[in-house]
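Look for chain A in each of the two complexes below; its partner is chain B in the first and chain C in the second.
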Partner chain A sequence: MAERTVSVASEVGLHARPAATFVQTAAKVPFDVTIAKAGGSPVSAKSILSVLALDVRQGESIVISAEGEGAEELLDELAQIASAS
Partner chain B sequence: MDGQEKTGTTAGDDNGARPPAGTSLAGTVLAGTGVSPGAGYGPAHVLAGEIPEPDKEARHDGDAAAERARAERAVEEVAADLEARGARAGGEAQEVLGAQALMARDPSLAMEVGELIDRGVAAPRAVFDAFGKYRDLLAAAGGYLAERVADLDDIRDRVIAVLTGLPMPGVPASAAEPFVLIAKDLAPADTALLSKDVVAAFVTEQGGPTSHTAILARSMGVPAVVGCAGATAIAPGTSVLVDGASGQVLLAPDPARVAEARAAEEARRAVLSAATGPGATADGHPVPLLANIGGPRDLESALANGAEGVGLYRTEFLFLDRETAPSGSEQEKAYRAVFEAFPEGRVVVRTLDSGADKPLAFLPPPEEEPNPALGERGLRMFRRYPEIMTAQLGALARAAAGVSAKVQVMAPMVATVEEAEWFAEACRTAGLDGAGIMIEVPSAALRAADLIRAVDFFSIGTNDLTQYALAADRQVSAVAGLQDPWHPAVLDLIAMAASAASEAGKGCGVCGEAAADPVLACVLVGMGVTSLSMGAPALPWVRAALSRHTLEQCRAAAAAARSATSARAAKAAARAELPGLDALAL
Partner chain C sequence: MTTVLAPVAGAAIGLAAVPDPVFSQAMVGPGTAIDPLRQPVEALAPIDGTIVKLHPHAYVVVGDDGRGVLVHLGIDTVQLKGEGFRLLAAEGDRVSAGQPVVAWDPATVEAGGRSPVCPVVALDAVAGSVGEIAEGGVAAGDPLFEWS
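For the complex of A and B:
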């Protein structure tokens, strides 16, 4: 299981456009990808509604995990989206 | 945010008054919040009633696989339709509708619909219940997310309409005469294809200043009132007069009243378009009107709205999205792009304003701050990381060399003379001429006469100044009522800073939200503020308001406002001294 912890940098948090880009990217792979707030329970990173409902604000940390071929690359890509403004 | 969320389980039975038992009494006035100024008049088009809640007990005929396929087709039809509407509309609407299509195709949602159907629940009810879970989560989060509830409900209703054969909710894309569109709340799909030729005004029962309706109405230049209780009870076809500034919605107004409003609207537009050129009062006292920008991407709007320069260039956007500080040459390039857009103009750059509320990966705050607004932010952060400041000032000095713009630099969050002197010295060392400070901390306003000696100019940040003067955290909505720059205490602090600068023969601008309020802008000028900087769309309004009043009238308005004992009374007293506002319908 690969995992990354990233701080969300976008002013709007993981909402609106950053959330859409994040989910669309996660949806590209066939295996499960999850996202959780630090200490919270994970939800599917492919579900825009679940990601929005986490209500991740600017400066908050998220933990993203995946297992499968190409998981490391995908997590790098997701981490980059989350840490971009 | 608007405190009027539906409960989710009772959709369809909470609107007591619906046509035909509608309200159409001549002269009835409904009140809401005006979010897009102007007057709009036309027949009421009340958005088609909601899709009724599907029967709780409805079961399918036993073929779960077929029912699931039916639900999946309906969802896909709605998602594809949203995308197609987005493609036709383009721009921001396309992005919003694309996001809605993404919600419709949410795999977790599809899984829950499928599970309910497997348990025998009919597809429409399964869709209703599956959406209900997420709607409750978003509504509970409040703010931005609660306002997305309208988007989610719209998708749900569209899917249920497809499944049950009901007419699709929506708005006609053309009309013989522009109508006043009335709804509980508007979803992006309702509004994406609307134009000014079709809609005279928007009125919604729900929604706040950041709802889609408000944002869209402002971008279309159509008057809008949100949070207007009882609006959907208006009988369709009733003539409605909407004042998007005061928030008043007048039913079946008499023709004289309509003619008056139309004349005022025309005059307002004429005044707005007639006021061009550099900002000045009616008697020719110049007040440079500048734009607040976050980077080169905001330049187009600033120039289109006639900005004479930049009064606040927020540089933190260059720093926010990264692990390490931007290099000197990257900074230089971004700064020069802005300087070159205003040949001979004034460009005021605010140095990096970071802190616990706007954290940067490479400038970690030393400890957890229980109250970031009172913590190590702005200039205080620079003192901890002087190398970041040196790099930024160096990049600014290099970018300013060889351009004709008059470049000035200012520091945020300055509280003491010692800090002001330290910053001015750093600017001189970097080779920058104009060094100023923001007046945001009450101590700086109270001792402005001491601080002005250390620097070349002041720029008042009214948002933070108000937060600190009233001890009302900007992030805490429960104290939002105190966050009002019209409060006489805030006006006094502004006046102190402006008069200290004036006595020293130096400039004192305002670059907070207050400068974007055309009424308050006149008061600020009356208190001796020498330039106003704001978000670009407000520039024409402020230019028009100033051009219709003399400096003497502005001074009288300032004196009247400062004599009042509350924010509300201050505003009323100022308005009474500013007769030219009537023509702007403000």
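For the complex of A and C:
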């Protein structure tokens, strides 16, 4: 299981554009990808509903996890989206 | 089948006409958008369900079948930080389709230099599952589209 912890930098948090980009990127791979707030329960990173409902605000940390071929590269990409301001 | 109701009165213009690529390219999901009448209004719940997320400028209602519908009141309205919006329900509330959720004035949003257009989006919808999309004038509470 590969994992990244990143701080969300966007002023609007992980909503709207960053959320849509994040989910579209996660949806590209065939394996499960999850997102959780630090210490919280993981939800599917491929679901825009789940990601919007998670309600990650600017400055909050998220943990993204995946297991599968190319998981490391995917998590790097997702971490970059989440940490972009 | 879920019938999604128009949260506000106005003209159904389609997502492609929304001045924000996140919505116009259907990155969030399929649906449509309403160019609202410029008068103070109460935006309604589009479906029966639970308000899982309630921001002043946007809300998500999830039905008992797990389907979520996003209503976004105007474009870039997150920047208003709630000013001009009044919550008429609370996060976690159960609502009936057509129940008021947020009071706001599209004319005020427009006067502030932002588009008051309201995307109504079926979240996580499978491609091709949204149809019978209304076009042109709609009253608040009218059927807006069907989600099969």
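In the analysis below, the second predicted complex is superposed on the first by the 85 of 85 C-alpha atoms of A that agree within 3 Å, B and C clash if a C-alpha of one lies under 4 Å from a C-alpha of the other, contacts with A are read in each partner's own complex, and residues count from 1 in each chain.
We adopt the following convention: a contact is a pair of C-beta atoms (placed from the backbone, for glycine too) under 8 Å apart; a residue touches a chain by one contact, two chains touch by 3 or more.
Keep in mind it's a predicted model, so treat the numbers as computed, not measured.
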Once the shared chain is lined up, is A:Thr21 touching chain B (first), chain C (second), both, or neither of them?
second
After superposition on the shared chain, which partner residues are touched by A:Ser47: those of chain B (first), chain C (second), both, or neither?
both
Which superposed partner A:Ala38 touches (first chain B, second chain C, both, neither)
neither
Which of chain B and chain C A:Val12 touches, first, second, both or neither:
both
Touching A:Asp55, do we find chain B (first), chain C (second), both, or neither?
both
Chain A: partner with more touched residues, chain B or chain C:
B
Quick check on my understanding: which residues of chain A belong to both its chain B contact set and its chain C contact set?
12, 15-17, 20, 24, 47-49, 52-53, 55
In their shared complex, chain A is touched by residues of chain B numbered 95, 98-99, 102-103, 106-109, 134, 137-138, 141, 144-145, 148, 152, 317, 320-323, 358-359, 361
For chain A, which residues count as touching chain C in their complex?
12, 15-17, 19-21, 24, 47-49, 52-53, 55
Can you list the chain C residues touching chain A in their complex?
22, 27-29, 52-53, 60, 62, 68, 70, 78, 123-124
For the chain A and chain B complex, residues of the former touching the latter:
7, 9-12, 15-17, 20, 23-24, 27, 43-44, 46-50, 52-53, 55, 58-59, 83-85
